[in-house]
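Report on the following structure.
By written order: A, B, C and D. Residues from 1 in each chain.
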């Protein structure tokens, strides 16, 4: 279902080229000061067109609050946020409706929804939906007073020099993937459960809903599979649980241990590559060669950090409320 | 919470050295032929002591059905399964209660549950709890008629030669991690949703509840971050959606595309290494040097495949019921 | 939380005198023909000002679809519906902010939300929120092809002659309550479960979220408590499960039995009586005498039937999807 | 599904004549002192055979804890409780398998589960399942320190003199229904939400899962429908929210207001009347006359109070945890 969370729950809606995209945030405690301005910095970061490698599509991305606020504060009831879609060029998509773009959801959506999906711009599958996530995430961040969440691209096209990684895409007239790392400091000990809502479980659940994410690892992650136990184990140093190393990435037994939470995401290369591709035309049942038109990112990983931060914040607020680390009435 | 699933839900309980471990399986359609024997092969695979590198602890691991069956078939009501704990040596743990073992949940559990946790053998955090998962998974596999789920260890200690990888641990008198790969064939197109219950989301949620899992990746996973879009995109070949390559690992836009579902898990080295370690004694607030006693696996990855298969099956049945691919009445 | 449903889930938001009220409908199968016009007849029925005894407050109550539709059909993704609030006279409420109206949520909301609640017009507690329910219910009704849901006021102020019941209120310059009965025909056998989601459980859960509902009974309901078993038992007549009598109201053991589903709701008298009342002024901590101003219904039961039908339809679609009686793809 | 609750969740299982019945209690905070003895008084109250009008079937009803306890305290992990079924006379039921008993779930279960249901003694539909509820409820009551929950039969066969009501059944050689009233004092202000988890919604949801419940009303309930607003409104008297009258039964706008919570349940007459009845034989498709054999209650309402108290306690703990009125660590 298009909602996630137990005591802090988001419900997402909208299509890329429909009338709007948006989100409903349920469970936000009453009394949090909140204006549209609180959301703008992160929404600005999410926007394309600001840096080399991101799409030139520009939306105002202004968040319209439609409920849940009164006198500049949250009321304790659902906050609904809308973003208008003004800047769409749907004809780009209609032309080649019957040729599902490789790497995109065109084909599966067509099968799953019997041809009734809104295919324009990827519809509900579009990264445009993440506008709502980022808006909701900005609210969650405000609730996480004293906790810092920071995500960065650490690698593009296998290169830690990001400029050089991006240049690979430009040179090859292709798209590239990347790695995003997220670090959270200031988390209390004791969030999460071994079964089935481990910190890793609920974060990974949310992260794999972000388009283009192909892998999630915590702490040393896949490297841990190559280590000795004596090497990977983090020795506890003091009564706060601070460990000498942090191979666990801040989670042991599914429960936060008070050290920095660290996880990384593998982001696949943008599916809409400018390169010529082939696909099956489902009308003619023939293979066809085509190039994807439209405005796209050379590397979607570049736009992912603020989305990852938002998604992380949403999950953490929910865990914090469940563990009574955020008061229901502020 | 200790349950997972929407229409097919498991509720897990038990502690490693308590009276029992077990699971309740809710939502199993009526009319499935089922006896204890159906569970034994997978339970046997999960058992330690059968191969080099696994713990000598032996439990009968016999599944006692306590409800949900009648005349050898499921009734449509919850199936509860119990496993007795007979073979416990709790004194191993009681001796060093105040020294939390690095890499284990001892310290976080103590903080989270205020000292009331059952610390013996890891309590509820123990891999012994996965007995229930494997039992429930065997039921799920029976429901997934025509779908094959197969997991394997593909790498130990960074080595694809598994004997050699294990030998590293033996030589070093240490423990090692590994990689488990799971492949599912025969899945229908259309399981999952983009938000928030993508196939990757719900599988990863479940996988990260398995002890020692540190990373989950689908298809080419982290390698995808190094690829070009034109290289990673899987071209659709025929009207069944079969793709030329399968970098996506069978999921696009969060939805199964009818190709083989492929994902990999990073399993950390067993935390209970025979090596000498140091930790904080929370009574004396001093560092102490000690070695973990008790019976443990040199490489827990070796026991993971059957657990991963079970966990996968549980998630897939739930997705299949939601998409009406399994009939409520068999 | 402000959402309800398992496979068909509504998320409600808005405040009576805020910018808007609305609802997000998640889980509607793709391919249902749907326009705003489909919602208008029920929204019209819900409106006040059309009959003796209802509030003169007039809202256009026009449903703006903001997502989930494409080419006049549902896409399978969330349908968001907005209603603008244009016709509000908030000053009526601001004047006596500190005097909680008896029978209203003013006092509990103030306590629960620490004074941050939007108190104007009852905020989120207002019956105006039911606009969203009615809109969503109209969609649910379209999905319930072949099933008829009909609710009626059967009693006002204890009188089965409704004119006469209402006249009691007019004569007494007071407000009155009433009974609403809902009948559903065409339901399949087999919806619901004994634990914990009996048909009665999920319907009652939803009904008690409708403002002013004080009791819910199925079949003969409270009368059943006075009957003999031999009298109350419904003898099965034919292989369709049709019973001679229908004291059970269509549900046995929590499961629909194919007979007409019948239940009744007790609706309390409108809390905003024109009569003079006393309450505690929480600023002065003194009792004060006052009369409620604003525009109100003499008998809210009169507006309840269409809301009850909508709420019923929402629950039934969810049960039908769970039992695979509605196809996921239309 | 066979579980209920958000942060405090019970999962029920078992069949009347199967091996056992039981329940898993998830979310109980760690550190609560608990032994089997804490459950025995309520389990004793639930037992039949102790008073005129209840079944002579005697089970030891001893609760076996199988997990979640350590050193006499809860660990914070799931508590599983088992009750053995020793005293069953299944042959009573097998004889007339094909004649669904009127008022019982025989026919709907047969339809819903395709003939695979355990029909002996009503299987999962049996009131025997409430043993688990009562056991879990006793735990919930211990958590509700300072809150008193008390349920009573207030009416049998329409008579407030209970002896006389019961005598009607004995005289008529039939079964009778009754009214159970539950009163809770000491509840804090602020539990519940207007949508969709009003206090009434979640309590009614749970109550309608108790076998034989046909109606639920809060405060004056159905009587409210006959009252004037000025009469029904409860005037607030003091800064604790204490009201002069309590027609609301302690809930306004779905939220507890700090006054006594009062609700009543209509319990239908026991379906297994000793009277001769007719039903359809689904093998012969003919009507047949028969009398129900087996051991049954003349008036199930007599055994309901302790079940109602338990069910109430379970719901209230969940609401209290959500509102942070019970600490996660005791």
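What we mean here is this: contacts are C-beta pairs under 8 Å (C-beta built on N, C-alpha and C of every residue); 3 or more make two chains touch, one makes a residue touch a chain.
Here the structure is a predicted model, which means the values were calculated and not measured.
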Intersection of contact partners for chain A and chain D: B, C
Label of the chain whose CA centroid is most distant from the centroid of chain C: B
Winner on C-beta contact pairs when C-D is weighed against B-C: C-D
Separation of chain C from chain D, taking each centre as the mean of its C-alpha atoms, in whole Å: 26
Euclidean distance of C-alpha centroids - chain B vs chain D, Å: 36
Centre distance in Å when chain B and chain C are each reduced to the mean of their C-alpha atoms: 44
Residue list for chain D, restricted to those that touch at least two other chains: 1-3, 7, 12, 112, 124
Graph class of chain-chain contacts, one of line, ring, star, complete, other: complete
Contact set on chain C toward chain A in their complex: 1-3, 7, 9, 11-15, 18-22, 24, 26-27, 30-31, 65-71, 73-80, 82, 112-118, 123-124, 329-330
Partner chain A, residues of chain B touching it in the complex: 1-4, 12, 100, 102-105, 107-109, 111-112, 124-125, 129, 155, 157-158, 168-169, 172, 174-179, 189-190, 193-198, 200-202, 204-209, 211, 213-239, 241, 243, 247-249, 252-257, 266-273, 275, 277-280, 282, 285, 287, 301
List of chain D residues in touch with chain A within their complex: 6-7, 322-324, 327-328
